[in-house]
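Since the structure comes first, as structure tokens, the remarks are kept for the end.
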Amino acid sequence: MIWRLAWRSVLRQRRRTLITVIAISLGLALILFSVGMQIDTHQTMIDLGVRMGSGHVAIQAEGYQQHRSLDYLLSGSRRLLAQLRQLSGVRRAIPRLEAAGLVRAGESSAAIAVVGVDPSEEQAVAGLARKSYRRRGRYLSADVRGNRPADIYIGSGLAQTLQVGVGDRVVLTVSPLDDRANSSAAFVVCGIFRTGVTELDSFLVQLPLSAAQQLLSVGDGLTQIAVLLEDGDSARATAARWQARFAAQHGTAMRREILPWQVTHAELYDGLKLDKNFNYLIAGIIFLIIAIGIFNTIQMSVVERTRQFGVMMALGTAPRRMFALVVAEATLIAIVGAIVGLAIGLALHGLMVRYGIDIETMSGGVDSYEFGGVALTGTLHSRLPVPIVALWAAIIVAITLLSGIYPALRATRLRPVSAMRHS
Amino acid sequence: MRYMPFAVALAWGCVGGAHASASLEALIRKADLVLRADTAAAVIEMKVKTSSYSRTMKLVSWADDRGQTKRALIKILGPALWRGYGTLKIGAQLKLYNPQNDNVTVVGNSMLGDSWMGSHFTNDDLVKETRLASHYRFEQVRTWQADAPAGGKAQYYLINLYPKPTAPVAWGRIAYTLWQRAGVVIPERADYFRKANDKRPQRRFEFTNVKALAGRLLPTLMKATVTKKPGEYTTIEYKHLKLDLKIPAGKFTEQALKR
Amino acid sequence: MAQGLTKLAWRNLGRNRRRTLITASALAIGTALTIAVIGLIDGMHAQLIHTLTRLDLGHLQAHQRDYRRTRQLERTLPHPVEVRRALERDPRVVAVSPRVHGAALASSGRRSLGVSLFGVEPRSEIKITEFHQTIRKGRYLDDDPTPWPRGRALTAAEAVDDERLTQQAEDAAIAEIEGDSQSKTAATPARQTRRQQTQRLARAIAPPPKRPPRVLIGKTLARYLAVGIGEQLFVSTQAVDGTMTELAVEVIGIFESGTTAFDRTRVILHVGDLRRMLHLDGRIHELAAVLVDLDRADDVALSLAGTVGPDVAIASWGMIQPTIRHVQQQNAAGSLIIMLVIFAVAALGVVNTMLMAVFERKREIGVLKALGMTAGRIVRMFVAEATLLAFFSALAGALLGLLLDLYLHQHGINLSANGKTTTVMGIGMGLTLRAKVTAFGVLMPIFVLCAVTLLASLYPAWRAARLKPAQGMREV
């Protein structure tokens, strides 16, 4: 009964309803669009960051995070890797061995960070190894033989400093931990990457893990195992759980630090948090304005219908029912607005999923955008999990309802006689 | 392979051939003979000329190339500002001694790119074991007759040295000129190319002042130039040389470095 | 006529005061919050530029032509005195400070770390960068460099001595090489005196400082090397002439700039001290300047470039770090889109309200039309209403926005829970985000508000103008 009445009065002011619905749906669509883009961007950045960097969870010898030196080697790494790979929830366990070194080609040399990696693992993980970063050549080959130099994968900045291209030889010198007797070996540039992050492009090289271990004479030692989880959101909890389990198993005899990406990639984490808060702020503004608009519309419709309400009251309609009527009207507008907003928002989302926005166009000719130590390249898409869509739609309905409450209360406070006198 | 005092060997990077074609191998082996010794000690004069300074230093160098770990010690004899500075190389480890504050620094990789005593050699050059024989393969480019610096006609050879696949050398090619006369082979020039097919070398070593020293005929002056820095050079000249000598015990220790 | 229109519009707006107020408040709040958001975005850019200019570059820098590309020690600024004078003479320049850069290995105990040495002139540097304000423990550098006697050339007698010492050392070396046992036994005492004499001569040429030079280091470095105020660390670096210098320095201040890279790798010391360590004599690598207007740095750089000779390169912060411009452009585009959507939503509210007003006043408009009011005038009447609405909303919004901005400027937003700063395009963001008020950031939302409101009023106005006089009357 109330719904039919509400529906009728909403339809009576077709144009006004339409405009209100447009405002709601426009707001919702924009929010869905920006949230979708943001979720995708953030997920992409986290995903990229952890793939290139320390995984969702990093396992290191205690102290490595602070000192970054070969004095803090992860022992028993082979068994640890095998164990990790059997754990449920672990997507990949990536061995890494990092050290400082000097790379030289002819007269030119550069100080760099050397990372020994498992090439097939890295290709599966698609961090720095991903194709979109590759400018030239190919990725590392795992095939390390004594009779030819192992591969080295270098950044475009370094390639420029050293004046080398794919197929060129370079000599890498590192200081193994024992007595800092330097050890050198020749490598052949197999490929050149460009990520847009200077720290990587100019100061990082990758080698096959076995070659790095041999060069650094660390046996099967690693500096880090980066773990990719099935569920990246559980990084903190997983790290804490593992740390506790490890402590229970080994006591204080062997110390390891098990850190979630929020710690190992603190810059990225803070950056994303900042960006998210900006988006919430903007969503808040839009909602506030929508709320005011809806408030005004409903208020007007109540005032307009003062006489009608007066008559209804005089005929014995309970104030509660009057209140319900106005709220029902607001609800209808909200639902229609939400549905249209969802339709537009999801259509935009669909477009973005399909086509996306090219970073190069967006940032005016720069092909990557660095933020928090991760460079985005290629095309940004949209990602909208159902709960998020439902949440924002619910928020907008709730806000519409809230905006209807005051005018609804006003309707109940009308006095029948004076109300009827109202022109 | 056995070497000369390493201050020279680092530049020379000579020579010996196990896998070369037979005649070239013999040639380079002979050139190597000129410079080869199990142990060596020398007094050397080093001149450095750069755009911002020029200096002359006297230094004494001891080298022991027997065994797996090559060892060498260099002490600066003068002038005053550098007298007592020392460099000790044990295998791939390099230690620098500064007498002004009695401090020994182990050269880690962050310092490898630094210049050694202000010369055109880097610490890295000193650390690296450059073994032409095991690190390069040879290819004769041409051979001709010309007047030898020591007088008379000599047979000249220009040989290209290409790094073997896994050799830890950062050069693509070395063009090595040497001459042979009366059974003696003397190096004359080595051009270091960044890539095998580069036209311009990045570095050049020239060997001159061929004369008898320590009972051998050998070039006693070596000049290093870098193409990128025209007008600059470092020269190394033997003032005194003794080969296959008995090196005093404890020569390659930190105490000796500081002494 | 126009005045009459305004009066009419004013009266119309006053007729339904509550509605007007609510509509206006939507616009005003939209304006205010947009101003605040733009303030925060501008604040972020300002922060990035601030980090860049006031913790590192200054607004403008002069170098030897190839220095920035090669970073080679020997590429020092030609004619530093003249260039400095030329910069200082320019009225657009506020302050100029000379600098020397070096790289070193800093060590303490077993720990060592590669650091960058940053030699500054303490008195003028405080006008360029703000490291002195970020000192958490200890104090800033002294105005004067460490007392460090000047070296001198050896006297003729000393030179002879030196040659003799070299000769003696050579003789001893040859004797040892030749296995002359006699001189070997005699060598030890002779070596001792040679060493003392050498020390004396070397100190005449290059005397050591009277006390360890004083340095400022970042918090992270201090923690890593485990050194505190008053404690020493060793710095080893290679001087421009290739000599290795190892020197004990004393930490007198520990700073926390909020930019991870600086806090971890920067060692700040007196330019005079660093010059001595690097054997640079009177040479410097860089002159950094702060300008009256940092936004005009490019112009100043370009105009000064012609006056200092071909060997000197003058570049603005924007030329040295162009990436920050991309961030700015991109965020500007982003905030424009957001602003447009916000105001579009607000404008829909305006359309709604005004349409309602049109229908409420159907009768009245009918009468006016019947009395011969033209459609154009009716349109103008409604547009005038919208203009007034926009004007007052903008006024209120701007006021509120400014207040918000001021609050966000005063208090800021904490960006980092764990003390690490995030980077954008490689530049540190600082720990707190503060809003920045700019004329553009305030006027732009006002402009967009007015434009959007006026546009929004056109449709209701057009509907009103289309009403037929008779149609209007019939409703009575």
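Every chain is named by a letter (A, B and C) in the order it is written, and numbering of its residues begins at 1.
Heads up, the rule we're going with is that contacts are C-beta pairs under 8 Å (C-beta built on N, C-alpha and C of every residue); 3 or more make two chains touch, one makes a residue touch a chain.
Keep in mind it's a predicted model, so treat the numbers as computed, not measured.
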item: Chain contact graph, described as a line, ring, star, complete graph or other shape; value: complete
item: Distance-to-centre winner among chains (Cα means, whole assembly as reference); value: C
item: Centre-of-Cα separation between chain C and chain A, whole angstrom; value: 28
item: Distance between the centres, which are taken as Cα means, of chain B and chain A, whole angstrom; value: 56
item: Distance from the mean Cα position of chain C to that of chain B, given in whole angstrom; value: 50
item: For chain C, residues that touch 2 or more chains besides their own; value: 114
item: Junction residues of chain B, two or more chains touched; value: 108, 110
item: Set of chain A residues in contact with two or more other chains; value: 111
item: Complex contacts: residues of chain C adjacent to chain B; value: 74, 105, 112, 114, 154, 162-163, 165-166, 169-170, 173-174, 176-179, 184, 191, 194-195, 198-199, 201-202, 205-206, 208, 234, 236, 238, 240-244, 246-248
item: Residue numbers on chain B that touch chain A, as the complex places them; value: 90-94, 106-110, 112-113, 122, 124, 127-128, 163, 165-172, 192-195, 202-203, 226, 228
item: For the chain A and chain B complex, residues of the former touching the latter; value: 100-102, 104-107, 109-111, 146-149, 163, 168-171, 173-175, 179-186
item: Residues of chain A touching chain C in the complex; value: 15-16, 19-20, 22-23, 26-27, 30, 34, 66-67, 111, 197-199, 263, 266-268, 270-271, 273-274, 277-278, 281-282, 284-286, 288-290, 292-293, 295-297, 299-300, 303-304, 362-364, 366, 369-373
item: Parts of chain C lying in touch with chain A, wherever the complex brings them together; value: 18-19, 22-23, 25-26, 29-30, 33-34, 37, 40-41, 114, 224, 260, 323, 326, 329-330, 333, 338, 341-342, 344-346, 348-349, 351-353, 355-356, 360, 413, 415-418, 420-426, 429, 433
